[in-house]
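Reading through the structure tokens given below for one structure.
As written, the chain order gives the labels A, B, C and D, with residue 1 at the start of each chain.
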Amino acid sequence: MTSTARRSPRFGFAVNAVGVIGASIILFWILVAVFAPWISPYPVGKIVDFDYYGPISSDFWLGTDYLGRDMFSRILMGARYTVGISLASVTIACFVGVTLGMIAAVVGGWFDAVLSRFLDALNSIPALMFGLVVVAAVGSSLTVLILTIATLYAPGSYRFARALAVNVNAMDFVTVARARGEGIIYTIREEILPNIVGPVLADFGLRFVFIVLLLSGLSFLGLGVQPPDADWGALVRENIGGLSFGAPAVVFPSIAIASLTISVNMLIDNLPRRIRDRSE
Amino acid sequence: MNAVIARLVLKRLGIMLLSLLIVAFAVFFATELLPGDVAQILLGQAATPEAVAGLRTAMHLDEPAFLRFLHWLFGLMSGDLGRSYANDREVADLISGRLANSLELAFVTTLFSVPIALTLGITSAMFRGSFYDRMVSVFTVTVISIPEFMVATLAVIIFAVYLRWLPALSVASEVHGIGELLRIYAMPVITLAFVVSAQMIRMTRAAVIDTLNTAYVEMALLKGASRRRIVLRHALPNALGPIVNAMALSLSYLLGGVIIVETIFNYPGVAKLMVDAVSTRDLPLIQSCAMIFCVSYLLLILIADVVAIMANPRLRNQ
Amino acid sequence: MGNVIEIRDLHVTAKTDSGRVVEIIRGVDLDVADGEIVALIGESGSGKTTIALTLLGYARPGCSIVGGSVTVDGEDTVAISEAERRSLRGTRVAYVPQSAAAAFNPSKTIMDQVVEVAQIHDLMPMDAARKKAVELFRALALPEPETIGARYPHQVSGGQLQRLSAAMALIGDPKVMVFDEPTTALDVTTQIEVLRAFKAVMRERGMAGIYVSHDLAVVAQIADRIVVLKGGEVQEVGATEAIVHRPSHSYTKALIGAFHPRARVPDPEAAADGPQPILKVSGVTAGYGGTGRDKMPKYVVLKNLDLTLERGRSLGVIGESGSGKSTLARVIAGLLPAAKGSIEMDGVRLGQATRDRSKEDLRKLQIVFQLADTALNPNKPVGAILARPLVFYHAMAGRERDAEVDRLLDMVRLPRGLKHRLPSELSGGQKQRVNFARALAARPELILCDEITSALDTVVAAAVLDLLDELQRELGLTYMFISHDLSTVEAICDRVAVMYQGEKVEEMPTSRMKSGPEHPYSKLLIASVPKLDTGWLDGLRDDPLMAAAMEGR
Amino acid sequence: MSHETVTNWTRRDDALVEDAIRRGATRRDLLRLLMASGIGIAAGGTIVGRATRAFADTPKSGGSITAAGWSSSTADTLDPAKASLSTDYVRCCAFYNRLTFLDEGGTVQMELAESIETTDAKTWKVTLRPGVVFHDGKKLTTDDVIFSLARHKDESVGSKVNAMAKQMAEFKKVDDRVMEIELSAPNADLPIILALHHFMILADGTKDFTTANGTGAFKCDVFEPGVRSVGVKNENYWKDKLPYLDSFEFIAISDEPARVNALLSGDIALAATVNPRSIRRLETIDGVQLSKTTSGNYTDLNVRLDMDPGDKAGFVEGMKYLINREVIQRSVMRDLAVIANDQPVSPNDRYHNKELKAREYDPEKAKSLFQKAGLFGTSIPIVASEAAGSSIDMATVVQQAGQEIGMPFDVQRVPSDGYWSNYWLKAPVHFGNINPRPTPDILFSLLYASDAPWNESHYKSEKFDKMLVEARGSLDEAKRKSIYDEMQVMIANEAGTIIPVWISNVDALSSKLKGLRPNPLGGMMGYAFAEHVWLAS
């Protein structure tokens, strides 16, 4: 397991084509997200076509949506939210989850027990209801959205990281550190984290995918990106009516989602993995 | 040995109850946070202040929250889920039918998706790195990344509207014979299978591959065992623990998470029931539903643990 | 008589992490006649296991047989199809793995796994196979042969597992047995029984065998001929007698040289001003599992143990696995708080747990673990690993720290360039040196060495021991040296404490180890150390003590 | 929730009619007004496409259908007193009868009552139709009627028309067929009140509403709240030949695409309220017909005049110029709407002020007005929700227009859940949705009078209040018209309610399903379709 954590350039790892493709697609979307305002031909909210679910045309490269807004621009801008929010929340979720997981693994005892119980419980409360309560209680904004998602996904990340950390924690070099009298902070930061970062990254990617999809669901609850902007999931949802006649408005956002999530997974599945020298 | 298992299960059950208590507390006060007053919502615009007041006292809404929490908790313990605010029926009656439906759906889906997931996961582990393996992983990722409501709607359009093979709605109420059953469940099950199996496939594959790297698998190979035998007889039994765990997590989705499917196929299950409950601020109902989801989740985890233990002699008889 | 095994010009390559392809077997030739046992001996990386595995037509993942032929019983395992290889394995060539503990599937009963070969190739009806297995158990001198098969691997001891794995190999009546370091993981006392069992079975069935090992003394007991390997090439081949007594090749000489330890020369000035205790362990009881009402742990490992270490001296602690050696070290280091008793350093009582000890106390007392691979964080370059204690204990920084790191590397005889490397890029010996240097970085007074040489090849181990010895003189260090390998202890310690089932049964000066241990267990333990003498094992039968011990098990 | 837009008769209306009646409008007024609006609305209703043939066919009995509404919940009830969702009304109409009902023209017709007579509008003599029996075989007597009406006065029942029922001070049984209702004060409009869905007649002493025992065209076979209800033909129904169907099932499919697909796949015969965007697709498909009702329903953008930014002179007017009605009509409503002129009286209403033209879209003018208000450039939040149909899309239209003149608007989508209690009437700039009302009087007194319960923009004008009272009292048509015209102008110019378009409702049904005629009271033939439709072979 720990071997997957090896990403040091010092070894000329066999560079994996698939991984590179994945990486470049992700990079592409990130760039789009950054430069969207400058490259999108029309304002997202502008109704540019009196027809709806318009076809692909020279003016509207990806057709128009149910209101006759330019899909190309909407998808470009959507990248901002989909990529941005997903990244932000998955980062928070994993940061919190992994940190707590490692602490629980190192400290152990009642702290571990209580925390695990609690997060299990949290995990078992349906996301839907959680979302509703949050909106109801604190209203909806990007921050709230991100934090909600993070809260929903942290427990899983915790479970995962804890399991890994428990194994590493049993290693002698951790024992040595303990014998040296090192504190928890150092132990988890310097001794444990570097050895679980690989699988953690893999987990990170999977959660990322789920969050991309979850977004659309939450916007349904009023928790989400505010109109006229919309994340990709929301784009699919608001144009789902066009599905029956294969409107570009519903096809392309789906493709966008797929391309992002698939490439994220391609990258993760092909993270450089050490092949041990099997000679003995 | 059974005694050992029994003790273990009891221990886990204890932990589970503890978690449930926490959940109960969380759920109750979470629902309290929902804005809008029940009595007000029930009486609608025609509510006169005195009418509201009367209703509130009738519902014990004027008592302090904590007291109501205790009431409710003791109710739960004595198996009394309380009465629905919305339509003065026993919550138990309201839920039972819906729960049955949900369980049916979950059951059929499990029956359908688990074998598929296992086969795909195991085979792709067997032929790790092969073209087949790559195909499977691409497939799973793709499946993961298609929004559920899209799969469902697409399925309806193709199978119900154009081909007219299957009904667009899954009304579980009048089922005549197995054929009918299949027709009704086909689409929701397909949709859900899409959602849950991807994760199971991935985990199964990973777990099996892990065990394939062990010395005893090499030993089996040096005994002249066939690949098939190695995987099925040696790797799989030891991979069972993690696999079952992953399955439990995936399947736990099938009760609370299927709101989209229930909505699109108009399938009367608990998830939809809960959404209704939320919109009508029917606290007893919301709370009961939430508790059901939690119980089912924790039960699944428990089952997973027990299976893992059964599969591992080291844990089994210590 | 003809050759049952003929290896001709074998070439095997392996892919390294970096994707680099290296040749790990460079044109090996080897013959084994019917009924002959040939030993492959050499240090790790010499390719002995790789060659052994080719006999079953198998190369580990990442490796591939690129040239030559391996003819076993008339079949070239390199040329034939995978299906044919499968039918070959277990029936004509059988494999006895290094660590039986890992080679048994934890989730299946022993019997199922023993008879599996018969089942796979369906050689006989199952109940016939089971009967046969029971006979084998008996032949291998296993306890309760009738019922042991019903158990699960974790329910039997290591030595028994090792013999069971032999039974697993023998069930298919193979022409050739391949033993891969079958006794390395065992205690000397157990090793004897296993060796005897193997030897007996092989003899009576007149099977040919390949015996892979790094331990010359062991090989000397069982092999007819010895092939010495290094770097994937054959260094020397010869009859056991010849190799043991008249080694011609330099590497073989080194091996043998490393085996005969120089007697310990007591440190003069330490001897001068009499013994001054640095660490005093008194009445320590410790163990694992939550402590019960009586504040006693569930599983008591150390029972009311007393021990004294003298400044500048080395105390060896010997005993078989499970005797509590390592636990003792952990208790002293404060990793496992003792349930009872006290530990004093320089007359000052130490806290039971690390967190109750001052940085200073912690610094003075360092612990070094057996397996350098797990003792060094695989993700930190050597430099960082060594620097940490410097920062932690001595708040060093910048150039000063770097200089100190270099000094440490010099001290343990490692090139300074290594500090940029990761542990995984180091050889076993180098790792162990780094592991030790990290302890030195604290500028300790007492170092607990837990089996630090047992994972190393004899030659390498010897070098490390010399280093330890030197450093002790230079820095006036005190060692507590835990080991199951008595020769190492002999080589470096002034006194030896023998542990058995959590108790110190005897303590004596090293010099007396050969002459006269009193406690019967000490006797047994010391007598069980294989001697570099082909007749030793058979000779033991006459030894009354050993005979008695054998009956005991 | 967005479906509230097309429910013509929701819980909010009850309060409202009650309101009007409390104000004591004279009977003649109300009747006339009702008719007028009724006719108007009926005129607006059409069956488009193939369906026109439907009228030619002659009804035939037999067969059963499944119909789908848009929303149901566990709050579904068979107790007319509690009925609030459209699904409740459908059930009530199928299982029970009222004493009176409003026909397609909006005129009062007798149902269970044979006659309702009065001399002083205080004491009413009700004579029941003979030979009517309940589903359980019990004969309908005045006891049942008295019980059914009296129970609304009991707080614990939680009736939606409790306040309205209060005025029925006393019930006197003369004999099994004849009874008297004594009102606390004269009120000419009892017949109309009795036509409310809530005043369905139950059997005496009914307590348990897990099933329905009424006199209606169908017997309740299955009732699962939030799931479905099934009615089977009442063989001895007192109306001749009715109903045609042997049985009908009513369910709710909240997901619009799913609802349409269910219709296309033949699972259901009637899909209530389809999205304008589905129409293009539906029109191309054989075997589907559409029933369109243009009513007075509208979604409006409300700017509260009593708080920032609405209190700044010029802002509201600016907004009125900034809202692009044409785009909303064409892009948002897909032409299933009529452009409105910022006042609530629908064009089908004879009192609709045709002189008052809708404001043209004029961003520049808006800009100058915003500058005048000193708000130009400051971001204004607009609260929208799915609850107020199409409000989110309308909001984006406004926002876009603002962006083009450099006026930032911050659209805040809030959950439908709890919208009416938490945001409507409260937020400074928000959307509302108002269902059709039979008369301007009711509309005005409910929405614009200074003391109006739902004064969305908190519009206060003594002059307006005076005119309202004056119009109510006057019987002079011309005068009334002119007053109403002026009031509409006042609203359009002074109030903070911006009404861009009137929204139409479209039901989609299988062309096999005949006999469905649009009804002013709402889609699905005013919820009473079950009794009247039949299946063509």
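Assume a residue touches a chain if its C-beta (ideal position, glycine included) is under 8 Å from a C-beta of that chain, and two chains touch if they have at least 3 such contacts.
These are the chains along with the protein names UniProt gives them: A, B = ABC transporter permease; C = ABC transporter ATP-binding protein; D = ABC transporter substrate-binding protein.
None of the values given here were measured: they were computed from a predicted structure.
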Query: If you take the mean of the Cα atoms for each chain, which one ends up farthest from subunit C?
result: D
- request: Could you see whether A-B or A-D has the larger number of C-beta contact pairs?
  value: A-B
Field: Computed distance of Cα centres, subunit D from subunit C, in Å
entry: 88
Subunit A (ABC transporter permease) and subunit B (ABC transporter permease), separation of their C-alpha mean positions in angstrom: 23
Centroid distance [mean C-alpha coordinates] between subunit D and subunit A (ABC transporter permease), Å: 45
Field: Centre-of-Cα separation between subunit C and subunit B (ABC transporter permease), whole angstrom
entry: 50
- line: Residue ranges of subunit C touching at least 2 other chains are 60
Task: Identify all positions of subunit B (ABC transporter permease) at which a residue touches two or more other chains, and write them in rising order.
output: 34-35, 153, 157, 161, 278
- prompt: Can you list the subunit A (ABC transporter permease) residues in contact with two or more other chains?
  reply: 132, 136, 240, 243-244
Statement: subunit A (ABC transporter permease) partner, complex, touching residues on subunit D are 256-257, 261, 275, 277-278, 281, 327, 330-332, 334, 384-386, 392-393, 395-397, 399-400, 403, 410-418
Message: List the residues on subunit D that touch subunit B (ABC transporter permease) in their complex, please.
response: 11-12, 14-15, 18, 68, 73-77, 84, 155-156, 158-163, 210, 222, 224-228, 251-255, 257-258, 261-262, 264-268, 417-418, 421-422
Field: Touching residues (chain side subunit C, partner subunit A (ABC transporter permease)) in the complex
entry: 14-19, 22, 24, 44-50, 60-63, 333-335, 354-355, 357, 359, 362, 366-367, 369-371, 374-380, 388-389, 392-393, 422, 424, 438, 442
Statement: Residue positions on subunit C within touch of subunit B (ABC transporter permease) in the complex are 53, 56, 58, 60, 85-91, 95, 97, 99, 102-108, 116-117, 120-121, 152, 154, 168
Field: Parts of subunit A (ABC transporter permease) lying in touch with subunit B (ABC transporter permease), wherever the complex brings them together
entry: 117-118, 120-130, 132-133, 136-137, 206, 209-210, 212-213, 216-217, 233, 236-237, 240, 243-244, 250, 254, 257-258, 260-262, 265-266, 269
